[in-house]
């Protein structure tokens, strides 16, 4: 697989009113992303609540996204198969390999934490070796896994050991480490930036692709930001990034990750509720929230 | 179920040389615990690597322990069904209810962390309501879950809402909170102490039962400690606790949780290796380790 | 100096309405502590806002307490001279040595943190060697200094190097480490317990003396607790400890350390306000607070 | 005072062989910085060990730097007067105002931490009001103070209350917050970037000035980086930033802050040792270190 570029959305998993996965909506979701200029989908991730799903649900979500590719191969689909049991991760990865998924991604195990980079490398290798023909990414997100090992050390460990290791989804604000990873072995690995609110800084350092949750509903904003940066128009790029920040600040104000599904409702693509333990926005909070969104005055920057 | 008292071992999951679970050994394990004065087994827990097993492995481990009870109902068996997906936890709990397990336990979800006590209470309630006739414990272990909510608040939330809620396995050194939980509603809940190295302090506050990993291999030490405390012999109790501390310090010296299986080897009950990402002791480390254990000069305090 | 035993209050520093230290009140403060059964005073500590005072204010506070001893040598007075500059700590220690202070205490430096136990030992040694005839304690309070090094390692380092090193004020809930320190070198060092809400657990392990802020206003409660424990009346000791916990919970409810001065006002010994950055209780908060205190129904357990 | 731009070095405090401050060397230090294109000096800061000095030493260091300005007013000199006692900070600030210092800076108090932004704002205001004619900066460095409050909230609080508040030395990798501060009130405040290893990212967001320790010995590198960025030559800017990273990685390898004085020795400007608790490099470590520096192959990028 070639390196990814542009916007990779991390889709929410659509749920119906009984809290079951609404697999039927995934076809429309695929089209929404394509229509708004996304280049890929990182499914079953943090945004997609992979860890809150049951094993067979994760498989069916992956199948639904993979089957969209059959119709119209417009998005690269990366499936997060991470978890705390490497054997379960491997089983999910093998399943991915059989259904047309483009790549899988794994997390640092987040109950027993690896004692160091070698333990982490071994965990990844055990999974990766079970799917030698499938590209594999590591998803670095210390704020959720509690595992904060410099990624440059991981690249050094894995570069000789795991041929299908493709790179990192880097969701952590350590630009010194990130830049070192970009430069490693003449830029061999794919370093997907994972903090939407810092895209401009990452572009300055050389990022080409980015995975994020806000690309689900505000892809036009970020595509304009990338274009402004590529045109050397830093003033406009900064202004767009600031609009992204103002939007993202509402996630903090309204309680974090569940706010994302409220944004989806706002743009007209209902995704239902998050599963426990994530708390969903109340009806009255949603009204305050949508008033705040309207005040951002960025209608033309949302996906539609 | 009545409150538990005395030692509840948290068994290791026996593995064979290929890293598969060795279900056959569980019968002997059950007898080992009974023989050394344990009163219960807390299975699939941190010590038992529940989170590193696949779902069907967790079920088979539970079945193996439950079937021992058929022969000789000497131990209460509590099955940890905790995880990040409440639906998967509920499925495991329902399975436990059908096979003769005495109680289940759940963890705070450790990827998405509950934003507060109400989110945590809801998560537990969703699982507990699916097995209304099965006693349910909460397993409080912030050092691994990253969730540190005062347990007194949880008791206040759940006391009216979940009739089968039984109490807490309390693996955290917050004695102010622990003592408040013991006193709550005239001592209604079962508060199992979970830090072996602090048993004496917990006894002073009123603890009756304790769950721990070192009871697998050093039950006689702790039974003597409890006896000394009950006899009012604090000097002897302190000295035994200090021996426990000296033993537990070797876990730190030799790399944590995997050291427990080395202790099992030392007492002659081989349990194989831990799964990745836990690192296992090398052969040479084991030799240094067993020399250190011999120096503790506490052969008569180990299980046999 | 002999080891300390019983209650060592950590006095608040009395301030007047302009925020200046009210040295005049210290004589009465001394008598308050004596009258209520305290055995010592740990001055200029966290409770005493030593770090919020200027160097000359710290010296004058020490002089005021030392001069009370001239009249009536009823309390041992320990002066915290800790800070981030070892030379300034040493200057304060030398001053203490000249005015009749019984012992000094130092903190781990809390801006640049020691990289390990040897750095910490060196820092303490540099100060201690300047006052070879004055007993010196280490004040272990990781929650404020950010330095959490096992104290058993510090005892091992200092035992051969600093003859005037006397022991530790241990304000941290690591009972495994605390018990090991009590046992070190046949109980050579003085291990003063520093968490009032856990006194009973510490007594069970062998603590003899305790330093705390709530002994300023509730010394009778703790003296009764110690007596109950010594009489083997654990049920009563637990009940008194629970009353202590209920009282201490108000510190959390009303914003932390400044609540202590509100308790002093409640018992009729006005100490003024804390200096910035500590936030003082508003008048209306004080009214809610004193209603809560009245509800504790423990008038006979407060100092008077 | 106008906003600062370009490189503001944070000087080491030169010490002689007895560990006393070598005030005599400050004149040459001033010239070194001017000669290598620095525009300012941030003295008595983390790099300058302000917190490890005594009060009178901090004053004399400030006097020495201020007196250099008399000869040749080439550098803006900012004096860190931060500490845990606002009255002591204010005394140092008043002293600064009398000797020709251009601006002072304060830290969040790092023993008692402010409970929120209002407590922090009050602390700063108390100091700032004592020197109404002297520009005042806040030095944001959560990794050392333990205080991590969003700076955008601080600007909102202080903008109406403290006319001499000038801006922030921002030593924290939160680019979302940093960018919001840059944009606040049409760019009213001076936002000096404080992480040398991330300068390029900060420039992309609009940073104009930067304070750092590595500008003491590698100013040419960063001046070239700034020039490359201003010329739109991102490839060269990235390559220079990577050289900065490779150099800074040696600080981690050789034990942190004390490595800085080893770099000074390497470029021929001996500054002596750091005071305890910072550990100084051994002679043999210095030899390994200087071999590593030679391998960086960046002689022409060091100050001279």
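Chains: A, B, C and D, in written order; residue numbering restarts at 1 for each.
Simple rule for what comes next: a residue touches a chain if its C-beta (ideal position, glycine included) is under 8 Å from a C-beta of that chain, and two chains touch if they have at least 3 such contacts.
Everything numeric in this text was worked out from a predicted model, so none of it was measured.
Enquirer: Among the chains, which one keeps its Cα centre farthest from the Cα centre of chain A?
Expert: C
Enquirer: Averaged over CA atoms, how far is the centre of chain A from the centre of chain C? Could you give it in whole Å?
Expert: Once rounded, the distance between the two centres reads 50 Å.
Enquirer: Averaged over CA atoms, how far is the centre of chain B from the centre of chain C? Could you give it in whole Å?
Expert: 36
Enquirer: Tell me, which residues of chain C touch at least two other chains?
Expert: In chain C, no residue touches at least two other chains, as defined above.
Enquirer: Considering only which chains touch which, label the overall pattern as line, ring, star, complete or other.
Expert: Its topology is that of a ring.
Enquirer: Once the touch criterion is applied, which pairs of chains come out as touching?
Expert: Pairs satisfying the touch definition: A-B, A-D, B-C, C-D.
Enquirer: Name, in rising order, each residue of chain B that touches chain A in their complex.
Expert: It is residues 46, 49, 51-55, 84-88, 91, 108-115, 119-120, 122-123, 126, 144-146, 255-257, 275-279 of chain B that touch chain A.
Enquirer: Touching residues of chain A toward chain D in the complex: what are they?
Expert: 173-176, 179-180, 183, 197-198, 200-206, 232, 234, 238, 241-242, 245, 248
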